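Going by the order they are written in, the chains are A, B, C and D; count residues from 1 in each one.
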Amino acid sequence: MEPWRTAIANSDETNIWIRGYDIASLMRKATFADLVFVLHQSRLPTPKERALLDAILVAVADHGAGAPSCAAARLAASGNRESVSAAVAAGVLAIGNEHGGAGADCMAMIAAGVERAQREKISIADAAKRAVDAALAANQRVPGLGHRVHTKDPRVDVLFAMARDAGLAGDGIAFTRALEDALHARGKSIPINVDGALAAVLHELGFAPAAGKFIFIIGRVAGLTAEIAEEHAREQPMRIRIPVAYDGVPPRPLE
Amino acid sequence: MEPWRTAIANSDETNIWIRGYDIASLMRKATFADLVFVLHQSRLPTPKERALLDAILVAVADHGAGAPSCAAARLAASGNRESVSAAVAAGVLAIGNEHGGAGADCMAMIAAGVERAQREKISIADAAKRAVDAALAANQRVPGLGHRVHTKDPRVDVLFAMARDAGLAGDGIAFTRALEDALHARGKSIPINVDGALAAVLHELGFAPAAGKFIFIIGRVAGLTAEIAEEHAREQPMRIRIPVAYDGVPPRPLE
Amino acid sequence: MEPWRTAIANSDETNIWIRGYDIASLMRKATFADLVFVLHQSRLPTPKERALLDAILVAVADHGAGAPSCAAARLAASGNRESVSAAVAAGVLAIGNEHGGAGADCMAMIAAGVERAQREKISIADAAKRAVDAALAANQRVPGLGHRVHTKDPRVDVLFAMARDAGLAGDGIAFTRALEDALHARGKSIPINVDGALAAVLHELGFAPAAGKFIFIIGRVAGLTAEIAEEHAREQPMRIRIPVAYDGVPPRPLE
Amino acid sequence: MEPWRTAIANSDETNIWIRGYDIASLMRKATFADLVFVLHQSRLPTPKERALLDAILVAVADHGAGAPSCAAARLAASGNRESVSAAVAAGVLAIGNEHGGAGADCMAMIAAGVERAQREKISIADAAKRAVDAALAANQRVPGLGHRVHTKDPRVDVLFAMARDAGLAGDGIAFTRALEDALHARGKSIPINVDGALAAVLHELGFAPAAGKFIFIIGRVAGLTAEIAEEHAREQPMRIRIPVAYDGVPPRPLE
């Protein structure tokens, strides 16, 4: 078999490099957010970029034990006490387009919209209007808008304010704001949610659309480990049994 | 890299063999239970052995949407609509020593007890007494005994009756029954549960102890696929939100 | 929290029912393939339907330790010796649209094509031609055609022959064959692969399109358990280390 | 169903708190390493503690595409292109006692040894000697010692030097060093590996033993996301096929 090729990590008998940076230097001088940035963009962030990435990772780490990812991790911890990897993985598996993953679709829409504005020499606002009209015509939701739980998600304004204060609020945030305005103009008041805010800021930070899921997963895994530790420390195995109401075929003979 | 070695499956441009049996012949003449037997024991079961293995796989496939494995699969299906593999895997991850996996430990205890009876020339009943006494002295549960949900699990008697009628009830079932008797003699009335019955019968069928988990997983995966199909067909994404009561530190300032 | 609703399994203190059938009766009279059919279609299969479903489950169970699903399971077994659930789940997670999952897309195409033929009163062959032309115009692959490994997959002919001999070869198989013919007429000789054959036969058996993935997963899990058992029995932990060639940024200082 | 209890996260319509800290404050003032510390210890770390935790998270994030966790993630990404959650989870599942998880066992040994030294009023060195003698008598490996890949792992000295410079090198590091010395005195020169160094430093930081796995997982997930992004960006689906040599039963007829 041919060796697999990679441009991420390399090592020899006594050294490890990540994107060419020596691991010892990274350990001494870089934070974990720096390393996430290096892994995905092959350069260190500026201090302001780092602070925004930290804010995003902090924002998504946990939100309550009852969210699908946390609850799936706890169910696995309840039945499978011997492997914390299994419980973390079960939590990660509940993350998808419907939970934590909308940021990736939103980032793709932002990237396409910003690129279109440049190519067609139209304003960001017009590009957002066209994106909204296309979604409405196709009867599709606009990813990154619409609240799940909160009437007003506290994380959205913080992220946008931090980006503005850092001088990093550019076309990505403008486009996302314009999506909200364009929906409002069409009679739909649907606020930007945390997936949308995260997507807009990650776009400003230079991440590719798939990072909308990756960064959520990295942050949420921290929360999952705490949920699992608490389940082990405070609860009996197999304590969870979801109540179920059967509404299917009544008892019948087997021919 | 050296090729990995395996004694399970082989193929060339136009053929596939499993344990040396041609796939076309297996497809025409073997059932799925036959194949499970071939995969793990490298021979076809007799019709009576096959019927018992089918009974075990049927017994464990599903038991209600609220069990940890089924609930974890549904939570993953709720948040991650795009991958049914992810939902199946989340369900499998909730299977462990506390849920569906006790059969493996029970099989190890049966194998050790039966071997000891032969080696030390003592009766199966005496070997079971010693195993129970050792567990009690170590303050450990005896795996395979104790009901989780049912006061009387309907699957236990059926498995034992089928094994007896097939002429396949041997030392494994005798030892498991003797565990129950030995506990009763020490004042503890703890019935054999489905994990214990499955373990005893799989021992009679010649499976290694790890099969106590493997066979449960194979059977349960069928149930998980039906649970996921129902979640997709009948429920909205993200409909599940477990109620949570917070009992931690009250709001406090961040220094 | 409202109880979750389900029409699959129900139980009380002393009984379990699957789709209304008593578990004891199922254990005595049904095979595992019967139960898979009951779980997904709420009725028992005929003997001929059962034999076809068994043939499909047998066909996909294993194919070699180096396929992504088997290799992922072995890698997990290599690093995480304490949880066989984790290793099975890792194997399941490698199953997707590119590996084992094309049957679901193919079943959706078959269902749409057969429905269109009826609605528009055109022949199955014409419906297949239009499906192929639409795929070619969109520059998309036709799911279920094209060999991965075998120049001639031995499982395809067996499945179609068994369906024909059972009198169960209907529009689904005809449509799939017609896809192959339509591609051939456009200069592309691309044979039906095992995903396509499985999809055609599952359509004849009345399964919904998602079953194209579910049935593959159920069958493959049996193979995964054998791969994991062999890894545990024959190999040292951490014996696997894939050779890698680094082609990224050379060592550089960290400012 | 009773609500689940938790002391981790809480929220209302317009607020989210983690361990009592307002999410907006955390986003503005805390780094991701701070949040990991808050999640597991319910307090913010000091700047020196934070720097050590960052160093550990950075140290374990990636090490090469061929390690079991990275390779399992790539295999899942190869077959299952539609779900990055599935690929991350597959990578996490390869983490266990044999790969990345030895830190948890090592932390348990450190905690027991330090506690014993205090209780029995013996020196840390004597406690380490007894732990080594007990492991040798039981024919067990001492967790956290022994190199896997590197003759001299560069991460070990950096972690210990950083802890010393921060004034945080206490009994945990002393005990781990004494394990190495005690083995050397018995004729076994087995160096501390990264799992052992991570365990010693996490002990100094006040983490519970399970954190030996949790912190490794959090760090490694960052690396997994980069591995998956690279697999998607540079490689064709299903490009991976591990070479296999069959050494099982030759072709044989099916009776």
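Everything that follows uses one rule, which is that contacts are C-beta pairs under 8 Å (C-beta built on N, C-alpha and C of every residue); 3 or more make two chains touch, one makes a residue touch a chain.
This is a predicted model, so every value here is computed, not measured.
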For this session: In contact with chain C and with chain D at once: which chains are those? Just list them.
Result: A, B
Exercise. So which has more C-beta pairs touching, B-C or B-D?
Worked result: B-C
For this session: Could you find the chain whose CA centre sits the greatest distance from that of chain A?
Result: B
For this session: Mind checking the centre-to-centre distance between chain B and chain D? Centres are C-alpha means, answer in whole Å.
Result: 30
Problem set entry | Rounded Å distance, chain A centre to chain B centre (Cα mean) | 36
Exercise. Can you give the whole-Å distance between the Cα centres of chain B and chain C?
Worked result: 23
Problem set entry | chain C, residues touching no fewer than two other chains | 1, 4-10, 26, 30, 64-66, 80, 82-83, 85-86, 89-90, 93-96, 101, 240, 242-244
For this session: Please name which positions on chain D make contact with chain B in the complex.
Result: 1, 3-10, 17, 19-22, 25-26, 29-30, 42, 44, 80, 82-83, 85-86, 89, 242-255
For this session: Enumerate the contact residues on chain A facing chain D in the complex.
Result: 1, 4-11, 13-16, 18, 22-24, 26-28, 30-36, 39-40, 54-55, 57-59, 61-66, 74, 83-86, 88-90, 92-96, 101, 149-152, 154-155, 158-159, 162, 208, 210-211, 213-215, 217-219, 221-223, 225-230, 232, 234, 240, 242-243
Problem set entry | Contact footprint of chain C on chain D as seen in their complex | 1, 64-69, 71-72, 75-76, 78-83, 86-87, 89-90, 93-101, 148, 237-238, 240-244
